[in-house]
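Down below are the structures I want you to see.
Here chain A shows up in two complexes: once beside chain B, once beside chain C.
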Partner chain A sequence: MSLSSTRGLVRISINPRCEFQAAMVAEGVREPELFRRVTGREYDREYGERASARSRGAKFEENLCMNNAALLRSALARLYGYNPEEMVVRNFADEVPGVKGVRVIRLNRTRQVLRDLAAGNEVPHLLIQPQLSLPIELDRSFVEYVAPDFMVLDGRTNIYRPGEMKSFIIREGRADKADLNLTRRQAAAQILALRSECVPYDLAGRVTSAATFIFATPYGLSPAAPFEDVLEGPIREIGRAIEVLRAARRRLESRRQQDGARLEMLYDEIPVSFQESCLGSCIMAGECKKKMAASGRVLGDEIGDLLGEEISLERAVELLGGAEPENPAEREIAERLSDGASILGSGQPGTGRRVA
Partner chain B sequence: MIDNSILTARLLAHRDRRAVRVRDRRTVCDDPLIVFGIAPIRVVAEQRVQAIAFGQVGETPQIVVSWNPLSRESANMNPFAEALNDYFQTAISSDQLPRIWLPHPAAVELIDILGYRYRTNSQASDALKRMGAQCRAIIEEAAYNDQQVVMVASELLNRHIVTGQSGVEELHLGALLAWVNPPAGVDPREEADRRSAMPAAAMLDWRDDERVEELRRQAKEESPRGLAARSRIERILTNGAQAEWNLLEEARTAFWALAIPPVSGVDILRSESQRRFADALLTPLNPPTRVHSLGRLMDDYELALDVAEDREISSDSMSRERARRAGCVVRAEIEQIVQPRSSRKPCTIKLLCDQPVIRIRRGTALKSLNGRVHGIVTDLAEARPGLVRITIDVTKGVRRGDLSSIPRNGDWIDTIIVDLRFRRRQIYGRLRDAAPAIVYQGTLPSPIVRQGGPIDWISTAEALRRS
Partner chain C sequence: MPASNHRNRVQPAQYRREELLRMKSQLEDLLSGVEAQIRETGTPEMADPKESSGRAHESRWTGSKRPVRELVLDSLDDLGWPAYTREITQYCAARFGREIAATRYGSLMKDEMQAFRPGTSRRPVWLCFALTSDRHQAIKRLLCRSDWPLDRRILAPSSGLVQYLSLTARLCELAMKFESSAADAQMLRIIAADHARDLPGVRLTKGKFDLEGWRSIALEQLRDAAERDELARKASAERLEARSELYQLFGMPDLHEGPATEANEQRVGS
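For the complex of A and B:
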């Protein structure tokens, strides 16, 4: 699985301070491959989506899209005031099947639909697997391809609205926060891409900040009622991720002007920003944690932010043991540690109630 | 911002390579003689149970597995349904607290989904429907802060200890236990890292999971190869469920080995939780959906939250110290007790407090740490720079014995429990009977047609400001 398109932007949006991750996205690397090149060994832990999750996701989408998207039409018709029997569907996955080399064809067809919409011609109510592009460089010399699961024509604004189908379970109208977080960011990238695609046809102003989501019920693969979500926050974060990616590309280019070094050779040179959220999401997290072993960051984001780069973990431990603070920042930490020790019951820094 | 005690504890744990206690009292009572453990394994993403280890904690568990959990066949769940029901029936009939141990929140989520799927499922057997209702009762009880029935091992441990790893890493029960019980001579950081490679979230190891996925295709064949595949799947699932059960047992043992004493009044928490849970089992109700019933539920949750907080602040000195730094507990010296007639109201206590942070106002209810004297703050004034005089009108505990029981220098806490549920329920009852459209109808009533001409809101505001 390569770290490009929406997946890469979502990752950057979660940790925009990590320059190395942005460089990984700029390169579109395959993470296990990069890990092997950096460390010289294979990644032996769990990576990527499990086969069971992949097959469930694929089955869920297949169910919704079969028979001219009967289930999807019926779910969306209620929300958008259509008669499901009268909805016109274009399924680009059927029209242009395949994975590789189909993006440009699907993109051209999606653009033709947008052109028709701008011209006031009849357009389909539902597009399945449309293709959009999101410019990273302002002159469109570098774009990320973004493919919403579907786009539905919203009659209120007369523009398409991107949508995602996920097999995550909804109970009592609630989805899991972590599932929703990634999906919302994914949809935010689609909204930005749709806006960008709509610019030539003067339709961008109609694209709102909302996307449509369809998740599964706890009973098998049947879809729960779809809902719309306004994504102002994630849109801002993805916008920021685009800027970070653009800057990372420039810096990577300038670093390479000297010796054309490969990305793995630059791992020690390009700054990383290790965070708690890296664990379980980035394949390099373990290596970055080792790199940051001297920093308070290994004890969590809050302690990392508190100690900053000025106070190392070793120095914080010395302060805990009663070392004399040497500057105002250290004094503040020493006071906090002294206070913390008194709460823990010892009254003196350097001791505490241990488990055993 | 991170609490100073947690910051210190984390650095201490990092330095000493051992977990550090951050509470000196527990809000859970001792385990009853027999406790029931549940360690499920799910199909990832599907959230369906494909194996469960269950039974009396401390004994060998019973394990049920399903090689094809996506089928409509659910008879394999019957032994679990029977065992759970037997346990609850025995506990209730012998007036014992039923107690369920689960390894981590992922297991709780699966119990929730079991309840959701089976409670009202017309296709399910009566035993499974009953199991669904019991799972629902477990989840409902788990939502109360003062409850004593559902013990989630990783949450319990994380509440009482801090390790030398990050908060995210502590969510992994195996990694957490590496800091509580590190093997001799092994750095817990390395041990935690090693253990975190195996999932502790009610799922198989990813290699086993891939193997099972592959075998499932063969297992559908009605042939010796199919039979062999089924048997291999069942073996993998049994081992996976056993591993989760072992983790649960290790976590429970580790928690009790902390030897943290209970808060005072824990027996009251136990009997209230036992009564509430027994009611839920005997008369299972649909989850509330209407305003009056939701209001009642929120009030119950709020009261449970207040009770748990009060017990903790009153008994646990570390929690009380944290609350004191937040200004919700004041350590003060009694300056004067004004009581014209002994053991009679009115009675006023004047306290002097030099705490930098005081988060109390006129009208705040305070009580002495031993709970014998309660009062309302009637005045706060600076006695001299850095010293605040707090005047309390005593509402309870005016007798000489009560007043003399409070130390001259002591803590006053703001966790007085006010149970307004009876009064609120009267309001909810009226609300239900009147059923006003603005509360109960999906659409709002028609707007009221204004009499007279359009209103100039700016001049109206000006007029109001002048009046």
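For the complex of A and C:
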């Protein structure tokens, strides 16, 4: 699986400070391959989504889309005031099947639907697996492809609304926060892409900041009631991720012009930013942790935030042992470390205590 | 071994292979023609050999030797309406005991399109795609037979529902009809049930197959939707008739729409 499209943008939005990750997305690398090229060995741990989770997700989607998307129509009809029997469906995965090389064709067909909508022609109520593009460079010389699971025509605003169907379980009307976090960012990228696609047809103003989500009930793979969510926050974060990606791409290009170095050769050169969320999401997490062994980040995000990038772990230990702070930042840290030590009763007050 | 010697040995073998492939294709065409003739003029058993109840006869027709193309064409003939590749796969497995890999359809249709090229021999019937009613673009997972009327090969806005209801009713009929002769009659009933589960008012009970009841509901629902749908399909077919047969079978080419987007299409996986 390559690190590009929405997946890449979501990853950047979670850790925008990691320049190497942004460069990985700009290159659209396959992570295990990059890992092998950087370290010289194969990645021998579990990578990517578990096969069981993937197959559950695929089955859930298949369930919703079979029989002319009967379950999906019926779920969405309630929310958007349609008669499910009269909803017209277009499934782009059936029209243009495949993975590679089909995105441009699906994108063209999606754009034709938007053009029809702008012209006031009849358009389908439900598009399954439509294709959108999100420009990273403003002149569209570089775009990310974004594919919502579906888009439903919202009669109130007469524009499509992107939607995601996930087999995550809803309990007492709520989904798990971690599940929602990634999905909301994914949908935010879709909203931005839809806005961009709507510009040539003068429809962008109709695209709101809301997306539609359909999750599973705890009983089998039947869909829970769909809900809409306004995504102003995630949209801002994805917007920032786009800027980070654009900058990373430009830096990489300009660096390449010097000696054409491959990305793996630049691993020691491009700054990384290790944080807790890297573990379990980025294949390079272990390597970056080693690379940042002197930083407080390796002890977790809270210690990393406390010490910042300026104060190393070694220096923090010295301050805790009573070394004289050399600047106001160190003084503040020394004070907090000392307070912590007192609370824990470590008997290491140190001279940094109560420095005026 | 010198390169020229190697080339001298490989090239004749390649020519021979191509020649044999050409002959194979011609034989398949001839066979299809003869079979079509038998269907039109033969005894009822010969006309539809796969409906024969005799096991020996059955095995000849369902045996692993039959080309996938024929199996797909026969499945479509049985189903009588455009069918999605996943539906054809399920039906083939239950009816004929033959598994068709999902990836097989891509190469099958590619071969079909290549065989249609000018100058190549004509086949009595082609496998083709269903087309969208507005721009006549191919719906590549929805397959048809070329000997069906053009309007049946078109998917108008309401045809999704009509296709689903038609297939459901037909699968119920086929499950009843081939109760004793299908390779896996229980699977055929399960496929019918899988379709029927989204009919209004239907609740499935494990092990119970109300095939006649489901068929009636599907046909009842179809009555409401079919007429309007047929009008839309016929109007679209009229527009398509002016186009070449190639477009009628395999769809109009997808034209580029909107700003350029192909710049980094090759980036993924690079």
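In this text, the second predicted complex is superposed on the first by the 345 of 356 C-alpha atoms of A that agree within 3 Å, B and C clash if a C-alpha of one lies under 4 Å from a C-alpha of the other, contacts with A are read in each partner's own complex, and residues count from 1 in each chain.
We adopt the following convention: a residue touches a chain if its C-beta (ideal position, glycine included) is under 8 Å from a C-beta of that chain, and two chains touch if they have at least 3 such contacts.
Worth saying up front: this structure is predicted, and the values here are computed from it rather than measured.
J.: Once the two structures are overlaid on chain A, check if chain B and chain C clash or fit side by side.
T.: fit
J.: Between chain B (first) and chain C (second), which does A:G340 come into contact with in this model arrangement: first, second, both, or neither?
T.: A:G340: touches chain B, not chain C.
J.: Is A:L279 in contact with chain B, with chain C, with both, or with neither (first, second, both, neither)?
T.: After superposing on A, A:L279 lies in contact with chain B but is clear of chain C.
J.: Between chain B (first) and chain C (second), which does A:S2 come into contact with in this model arrangement: first, second, both, or neither?
T.: Second partner only.
J.: Going by the contact rule set out at the top, does A:L320 touch chain B (first), chain C (second), both, or neither?
T.: The first partner, chain B, only.
J.: By how many Å are the closest C-alpha atoms of chain B and chain C apart after the superposition?
T.: When the complexes share the chain A frame, the smallest chain B-chain C C-alpha distance is 11 Å.
J.: Kindly list the residues of chain A that each of chain B and chain C touches, one partner per complex.
T.: Touching chain B and chain C on chain A: no residues.
J.: In the complex of these two chains, what residues of chain A are touching chain C?
T.: 2, 4-5, 27-28, 30, 66-71, 85, 88-89, 93-98, 100-101, 103-105, 107-109, 111-112, 115-116, 122, 124, 133, 140-143, 197, 200
J.: Of all residues in chain A, which touch chain B in the complex?
T.: Chain A reaches chain B through residues 44-46, 50-53, 55-57, 167-169, 171-172, 218-219, 276-277, 279-280, 286, 298-303, 306, 313, 316-317, 320-321, 336-337, 339-345, 349, 352-356.
J.: Applying the document's contact rule, which stretches of chain B touch chain A when the two form their complex?
T.: 1-12, 14-16, 18-22, 24, 43-47, 112-113, 116-117, 161, 164-169, 180, 193, 197, 199, 206, 209-210, 213, 258, 287, 317-318, 321-322, 325
J.: Where on chain C is chain A touching in the complex?
T.: My answer: residues 84, 106, 132, 134-135, 137-142, 157-158, 160-161, 163-164, 168, 194-195, 197-198, 221, 225, 254-265, 267-270.
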